[in-house]
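There are structures below to look over.
Okay, so chain A shows up in both of these, paired with chain B first and chain C after.
Our next item is the complex of A and B:
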């Protein structure tokens, strides 16, 4: 058994670990503490967020309804109307945060988001297509967007032939591909019937209104599987912070690891697009900002997957809640809120980037 | 022989950097590869580290082709100190060295007592114990290079490949690090390193391998290998070879004038017929 705070060479490293026979676990205290605090904040915020809005609920009544007590009206309001939307925000935020963290690790660049792969446009196009094909103003089933994202990535990999050293190649071609897909989507939007187009438009602005049904069982299972896989991959992802030669000589199959990480990021981005609208649009800010904030909280070096996910969840939940409340009874899309916050944040990141040189 | 290169040919599109090279490294020995810029020594090292897939021939570790092994399996037997490595942002010296244990770790074996002992020893051997909590990017070039050496040491592999391990070090630290490397070899490891300075190479090598234009021009114990003819073959420079007063190791003293191209001296090359001066210089990208 080793205690916390003593490093290999006797220095203070703020690490903890346990050792039992041949098994040992090790963790860094700062990311762990950050994750625990964020999870606590998120959990504690849920009743208050759900209580907000018409209906005169308070947090206590919400908790009561959540555990199946309270009046039928309260239960309907909480369980049927508000909870799905809140869970949608949390799930979308988790997916965006983790996808952003994976992309920034892959590209070794703080400004990388899933949007630069054309994934977002692929998913958007697929959702739009589903709306036009079904001829209703409802968006397609939950798997439409992830499928579109995967198709875009497959096309991208065929075009590049290889992920390429440090992922640069894939990024450049990804940019071109996303431009093509985006203009196709815009063409479709201008051709489509007005009613369908407006459903797509509202969704594309990053509104979570009426997206409660985006959180389905299978979708959540897929999200869970992807998140667990990403977590299992974390030790290898940490090696991607090295140059390729160093990572390989430390025993990492770099190409394989990049490919898996890319796949996970794409599926997450696809899920997030389905839930929260195009990640290159207003909600893209979440994928960009979450890992940056997470790195600030969890400390460097490291690949703060869990902290990024939780930050993402809090950001989307916060944006959606603010959008729901400020102009009540009308609503602002969550994406509008993130856009307002996102611009200044990006400028701040760029400035602090150049200061560090 | 723990690591063997067999008729290795390797290169980059439009350029063959290594031509038909065979080389074996023995336990307990330091092999030093020397040669002019662009002679293929770094590519040879990259092939031996399973970083570059050869066009012909193969590299075998413990009898198995490295390209039939997973990177992890190779990383438990061969470590590499690259020339210009890049570390995770904001990492400390100790944090860097701990990554050396990655090939020995797993999901449920994240930090064994062996890992801890190997890291402590590696940091002591490289002389960076005092730097443990300092940020790598705030250390001097020499300190940083010793941190990277410690990373390779912590990997605790029977074979170590070092690409110019002392290029950033002052004389004192050069002697110290080369002392560590000799000590490792005495402990039974096989070390292959690329060095630029022939005199240093001659002093610390058990076997000297001289390369030019992708081929091994000569190899053997330094005292028998380092001759004026070899210097001329490698660098096109006339030089005197002195014996060091202390131990008689060869010391290379170049003369002022460059040798006439296509020198008259007989090449003592094991691989005669290499055109001495038609070089195809091009550093790999």
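Our next item is the complex of A and C:
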């Protein structure tokens, strides 16, 4: 029924599994252990992160407020102001980490992120339209941005027709589409009224201050569905790491699998845009770094979707918390923090890539 | 009352602990004789705007404009929040959970309507009307004192690191100039409440006028240096206002801001200093 101990090359990847008739569930212990530890760290960190900042809370008071105890002020601060923000960071990071992992697996390239598909530019354009079309200087509701991301994706699929080998066709046309969408947005901003432009600018900074509308209701249901679908696909996705012929000979419908992975990545990136703001600029680092760190923790082979997601959640939560605390009472946007860390990290990836040949 | 977002806000009868999240709201609070419980720092600055500093230097800062710290706000326990100009519905939604929040203006509303909304929220319409009367009187007196210059054209310019930008026809300082019956130069008639894009130094004649009121947002920094450099250039020295010694250096954070009641008085003060013969 269960078996453990048989490793692949080098004997480092421990495995376990259950077989019930024709169905089997197998897992490798190292990614599982990594996921459990990360989840524990994330859960344990929450009360401390929520307690940080003005208001004079400690972790105990936070936990009390979380379960409905404490003064009304404490409950307001914890339940209605800080918790939505923290959940925004976690959900946004989760979506970004998994989206990044899907893209890197699909393209077999550590530098591939959802940002190169025009997702971010599509979202920015939609936010800009929401400001201009309404004629006021108000930003549209949170789902404006994901809608723009999906529209960009639809346009991309129409333009490419076929996703081509390793999705390269999609990636190349995606890059071109991003450029077109970005210049359209910039043209719009320079034509538009200044106060409209500044509303869009505020959105584009990637701050999580007062974010939280997206983590209630339909957004979270959608996120859950997409994450579960991705997880169910994980074993097939692992085969994408081989070249196309080998994957096909192992019984994988490569094109179909690539298309689904791409779709899931875009929906996740679009959700992340709606939850946490633009993913291309400042937040793009999360989608890039999470899968790379996750592979280090979970070991190869395999597609560490869950670990990537959890790393992403921890990174965004960490960036937002640092930004909230360092220059208090003012705030640095989480996006600014990830940008500062992101540059050196990208250089490190490029250098270690070239060493690996 | 109903605020500019269309929301019905239950404001307290006599609000006492009022937080002003924008410069304009802070200005209105002070003009209506109320001590603000908290405010945000001005655009591109780390403190309240210079022209309000004397009256408001001990007001707690709760973050930057458009990025207030919600935790600090909870600590202050306000009974009313004035949040003019905020574009972000999510942020406004959070604010409303902390205290009744009145959005007093949209970005292209003028200072009077913002002032009226603030006064209504605070239940101080009496003082509001008295202030406007004082302003009207001040404008009339100053207009008489300007005398010979009453049909002069007045150019209003903010220098930024990339060059000079003139204020558009309906920008705050432009409306004060208009109240005085003064005209803007023909080149500065474009509609809008903000400023032109930075002008190339080749188009410098567009900032000329009988009078040139000129400022930078900050006293030091890149904009200041750019202005110092431009002052040395023949094109700048050739401007009519420069040749006639009618360039007036003003606080850019006041003259090119969104403005408010006290800001309007401060602009009148600057004009009096410069244009009324002694």
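Brief remarks on what is shown
As a working rule, the second predicted complex is superposed on the first by the 338 of 357 C-alpha atoms of A that agree within 3 Å, B and C clash if a C-alpha of one lies under 4 Å from a C-alpha of the other, contacts with A are read in each partner's own complex, and residues count from 1 in each chain.
Everything below uses one rule, namely that a residue touches a chain if its C-beta (ideal position, glycine included) is under 8 Å from a C-beta of that chain, and two chains touch if they have at least 3 such contacts.
Keep in mind that what you see is a predicted model, and the values were worked out from it rather than measured.
After overlaying the two complexes on the shared chain, residue contacts for A:241 are found with chain B alone; chain C is out of touch. By the touch criterion stated above, A:77 is placed in contact with chain C alone, chain B being left untouched. Remark: chain A residues 2, 7-13, 17, 19, 22-26, 232, 235, 238-239, 241-243, 245-246, 248-254, 299-302 touch chain B in the complex.
The touching residues of chain B, counted against chain A in their complex, run 46, 49-51, 70-76, 78-80, 82, 84-92, 94-95, 97-100, 102-103, 105, 107-113, 115-116, 119-120, 123, 129, 132-133, 155. The touching residues of chain C, counted against chain A in their complex, run 5, 41, 46, 61-64, 66-72, 74-75, 77, 85, 87-91, 93-95, 97-98, 106-108, 192-195. On chain A, the positions that touch chain C within their shared complex are 53-56, 73, 76-77, 80-82, 131, 136-139, 141-142, 193-196, 198-199, 202-203, 207, 209-213, 324, 328-331, 333.
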